[in-house]
Amino acid sequence: QAAAPSAGYAGIGRPATAKELQAWDIDVRPDFKGLPKGSGSVAKGMEVWEGKCASCHGIFGESNEVFSPLVGGTTKDDVRTGRVARLTDPGFPGRTTLMKVSSVSTLWDYINRAMPWNQPKSLTVEEVYAVTAYLLNLGGVLPDDYVMSDRNIAEVQQRLPNRNGVTTAHAMWPGAGLGRAARPDAAGVACMRDCATEPKVASILPDHARGAHGNLAEQNRLVGAQHGVDTRPAGAA
Amino acid sequence: PAAIAQARPVPPDGGDPAILTLPAHSTGLGQPVVTDGYGLPSKYERNVQRRQSPGLTQTAQASVSFAPLQSLFGIVTPSGLHFERHHQGWWDIDPSRHRLMINGSDEAIVRTPKVFTMDELMRLPSVSRFHFIECGANSGMEWGNVAVPTCQYTHGMISCSEFTGVPLKILLDQCGVDYRRGRYVLGEGADGSSMTRTLPMELVESGEVLVAYGQNGEMLRPENGYPLRLVVPGVQGVSWVKYLRRIEVGDQPYGAKDEVIHYVDLMPDGLHRQYTSTQEVKSVVTTPSGGQVLLDKGYYQISGLAWSGRGRLRRVDVSVDGGRNWQQARLQEPVMSKCLTRFSLDWTWDGRPALIQSRATDETGHVQPTYRQLRAVRGSRSIYHNNAVQTWLVQESGEVKNVQLS
Amino acid sequence: PAAIAQARPVPPDGGDPAILTLPAHSTGLGQPVVTDGYGLPSKYERNVQRRQSPGLTQTAQASVSFAPLQSLFGIVTPSGLHFERHHQGWWDIDPSRHRLMINGSDEAIVRTPKVFTMDELMRLPSVSRFHFIECGANSGMEWGNVAVPTCQYTHGMISCSEFTGVPLKILLDQCGVDYRRGRYVLGEGADGSSMTRTLPMELVESGEVLVAYGQNGEMLRPENGYPLRLVVPGVQGVSWVKYLRRIEVGDQPYGAKDEVIHYVDLMPDGLHRQYTSTQEVKSVVTTPSGGQVLLDKGYYQISGLAWSGRGRLRRVDVSVDGGRNWQQARLQEPVMSKCLTRFSLDWTWDGRPALIQSRATDETGHVQPTYRQLRAVRGSRSIYHNNAVQTWLVQESGEVKNVQLS
Amino acid sequence: QAAAPSAGYAGIGRPATAKELQAWDIDVRPDFKGLPKGSGSVAKGMEVWEGKCASCHGIFGESNEVFSPLVGGTTKDDVRTGRVARLTDPGFPGRTTLMKVSSVSTLWDYINRAMPWNQPKSLTVEEVYAVTAYLLNLGGVLPDDYVMSDRNIAEVQQRLPNRNGVTTAHAMWPGAGLGRAARPDAAGVACMRDCATEPKVASILPDHARGAHGNLAEQNRLVGAQHGVDTRPAGAA
């Protein structure tokens, strides 16, 4: 049960009003707590997408121009298993949003609070439902005639390609509720002499990339025990 | 090697002209006080800047700038050089119109949701503590192989400041919280992204989590969340929500974008680890470091930074032969919890190639892993939380190169 | 009292407009990273500046600017707000042409006089330490009676930084010193005044005196001696020679202008004390403090700074009734030697006049004196080394005034 | 005897040359170590003074325009006793340089290194002797026909009005060589309850001086537990 508010600092802070809570308490959790009632169709979502999203994310959500692709890399089989098979392939290059997202609430919440990037919080509830549905439709998760709503969103969750692809079995959550490992999983060895190491250089900055970050001489101060190395291309003044 | 600025050899006229000819500043009258009511570094320090890594992001408002670790001393990061990480650009918010709201995920968890002004927050009991903040993606470009030339880019998503603020626990107590059910805390920003992140209530109960307005004696910088941000010692930077407008106490984690789609660590088995928050033990030699050139053979002080999200550093060891043999480094006092610690070791360079490394051990006994040890567990696609031992190769020319060992 | 920026009373439409109407920064796209490679404070912080005290000096190049203590948090002074004291103006010196010379007052005292470049100095073993620097004349305007309105002017000739540099002892050892005869050390600047001051060799031998180039993680600021200054922990600022060009080891003190004509303390018997160097135990409440106005009755955190040139603080006591009764304040960790320590105490203001004071005790047991205790020994014409207890009167209106008690 | 230079950091730093030492080792101590041979007359000093000094310090060294007066407040009797009598009078307003200076080397050294203020280190050795002598002449310490030199400067020292007016008997020199007091001379008392204090306000900033440092509202940040008090004169906008 909630404790009584402490009276130690009386007069500092005041109760929030219902209207204020409504204006700011916009988060939507994986259990859909916070999700406003409403719905939106894939068809309406396409409209929203092409009007307000495609300029940045591409007509099929696959653009790499302003951000990494949202859509791609998932299969019908992934929708069935809830595991994105390509994530086990170290050779597969990028990772799209749909390959990673494990809760549909996360998409809804984020689009609602932050998109369009240059006009965040401008979408109506219907638009958020619709464009979320359209994104999932682009990814082959929802059919063309789908109307997503607060009533069927739990079903949508059960189709997310990577819904089963996550774990909290690690030691990096600093609380008791999540994360089940007691000790860090990757650790060094405190050897001091003749350690079992072959100090062979396996990877070194290639010469052509030495100057890819500009002239390093200009990225160190003018005096010091070391100066910055001049990485201008040969022949530059 | 590049020429050292030196007074030797002595010119034929028997002395260094920088000594024999008195400079203008020894023979004239200088500038008045308060030339600048808020002063700036010397014009000769213009090379010391935070910088973007070309090609890392496609836009500059959802991006990163790196602190120039190769040029910093001690443990405090000058606020003007603090690394930046924005998701929807930074703002300079009018503090007299900024508000903080505290509420619960349901009405039973927080009895009286409240609203605070900055005036009110700044009246409450505050503490000041030195802590590092490190982005979970720091060193992320180097998981697979060497990608960037200097420690600004390999490790520069870390900074360290003296933060001042109100322990969040004090604010929660003002509202009346059910601490049995309310084991998760959401922080939410006021910027366009309205960044959200979940924290465990345990950290809040420890008294360490601050609702902070001060940084290095002054207010937070706009790039770092002015006028209010969370300080979550030991936890990755993304949880230190900037432009903080709201705190919610809940009975479940929130599945925010930056804990479900980003700041998730891909493991070799294809599973993504979520809620990986702690920044584990790590260190880097900053002098000498990649992209520098040693001016001569002889004595050098190897120096660098070490830290752990689990508490104090216990020791740092340094190797100059690529990890075959190690020497214990000096730790500069004060050694503070979840704070940068500067270490140093005397070294005489004999002019032959050397492989310089540092390896930190924290108070829990956790030893920083090598790349081989780290990849054996996590593979090389995690993006986040690369805390491997960094190697710098000093070549015969004096040039220092970023390398990774097999 | 002036109005607190508050969300109350709630307007008729059921909420604070700063909450109900989403601000531009919540609904738009902000600024990119590296808008500034070296960032600055918020535009809303423009009131936080160092300032001159009108009429204190006749020129602005032989003058002082005061740090705004009333607006600072924690213990680190932002370098842009560090107090200034120049004798012949400040300079921005090219570090590649700056030299440090070390010699003896005769040939037997230093065997091999030497010259060092900045490149060379920065190769030598360095340490980083947090220390305060206080001008010996801090609070000097208040010896006789109340003269200035705020703690910026009463106590603002103090700042605190993390300094980085080479222990002077290491440099002397490089030259070969007769430590039996050479008990005095001269520091000399490169500016127009070529400021000189004598230090006791004991302080150098302790390892505490640094030839410093770093301040708060970056190089010294030009106003504070870029590229090289002495750091002499616990000793008044005038001995921390800026633009340091020369160190001489001698067998006698040097009788410099600022130890014979200034920075001498006139006693009631008409004698001037010379070589009064140590900054004794002292403290000041900075919030609330003179020139401020409390916004309301109720809870406040009284907070301030304490320091001693003789080591660590042992305790700070705070009184709200003009020294009749005292309470022990909390000391914020870390408590470091010859460094500022922030203290705080919970206080509930009942709206009636209050007289707020702080009284520090250092690790040697030296207790900060009241004005009455100080003047009983030193009179009121010393100019320097006023470390008396400061009193702030909180009036019923909420306005805080600088006062002295009988 | 001087220790051998430590070889720990070989190659860092190099021996200073004789010319370099000559250029920078300019300090002059109270025992006149460092004083260059030479001389200068009061008459010549007047020339130097009026040409290079009087514009700032006044024709008689008494100006308060750019700095406090150098001359004044000393008597013939002070020259005899070596104690400036007026320093015992709490009512006497300012203190001139000559009232305080206890070693003539200090004047020589400082004028040589720092004056004229806007052209430091521009005087010849003769000019420094001469203008120092002239200053002391203005103060009634040296006669009009005096020629001061390295040979008679010790005599000049014996005429300084405040030569006997100083002490190092205090606890504020952090070394063994000077300062003879073991403990701080002014200390508080660690009383905690009902302390023997009459908390009576004896000095308070007068109302008319409340705004002498500008509007204090502009010298505090815009937010905080306290704001700055508005000290603009009544009626100001």
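Quick notes
Which chain is which? They are A, B, C and D, in the order written, and residues in each are numbered from 1.
Convention: contacts are C-beta pairs under 8 Å (C-beta built on N, C-alpha and C of every residue); 3 or more make two chains touch, one makes a residue touch a chain.
Predicted model only: the values in this text are computed from it and were never measured.
For the pairs A-C and C-D, the count of C-beta pairs in contact is higher at C-D. Placing every chain at the mean of its C-alpha atoms, the farthest one from subunit B is found to be D. Computed from the mean C-alpha positions, the centre of subunit A lies at a distance of 46 Å from the centre of subunit C. The distance from the centre of subunit B to the centre of subunit C, with each centre set as the mean of the Cα atoms, comes to 27 Å. The centroid of the Cα atoms in subunit A and the matching centroid in subunit D are 66 Å apart. Per-chain Cα centroids separate subunit C from subunit D by 21 Å.
Shown for subunit A are the residues in touch with two or more other chains, namely 8-9, 12, 14, 20, 24, 117-118, 120-121, 221-225. For subunit B, the set of residues that touch two or more other chains comprises 5-7, 16, 19, 26-29, 44-45, 48-49, 51, 59, 61, 71, 88, 95-96, 101, 115-120, 123-124, 192, 194, 219, 227, 245, 295, 298-301. Contact annotation for chain pairs lists A-B, A-C, B-C, B-D, C-D, with touch applied as defined.
Against subunit A, in their complex, subunit C makes its touches with residues 6-8, 10, 13-16, 19-20, 22, 26-29, 95-96, 117-119, 122-123, 219, 227, 296-299. In the complex of the two chains, the subunit C residues touching subunit B come out as 4-7, 16, 18-19, 23, 25-45, 48-52, 59-61, 63-65, 71-82, 84-86, 88-99, 101, 115-120, 123-130, 162-164, 190-192, 194, 213-214, 216-219, 221-223, 226-227, 243, 245, 295, 298-301, 303, 332-334, 336, 342, 344, 346. On subunit A, the positions that touch subunit C within their shared complex are 8-12, 14, 17-20, 23-24, 117-122, 221-225. Of all residues in subunit D, those touching subunit C in their complex are 1-6, 8-9, 12-16, 20-21, 24-27, 29-31, 33-34, 64-67, 83-85, 87-88, 90, 95, 97, 100-103, 105-106, 109-110, 113-114, 117-118, 120-121, 162, 165-179, 184-195, 197-205, 209-210, 212-214, 216, 218-231.
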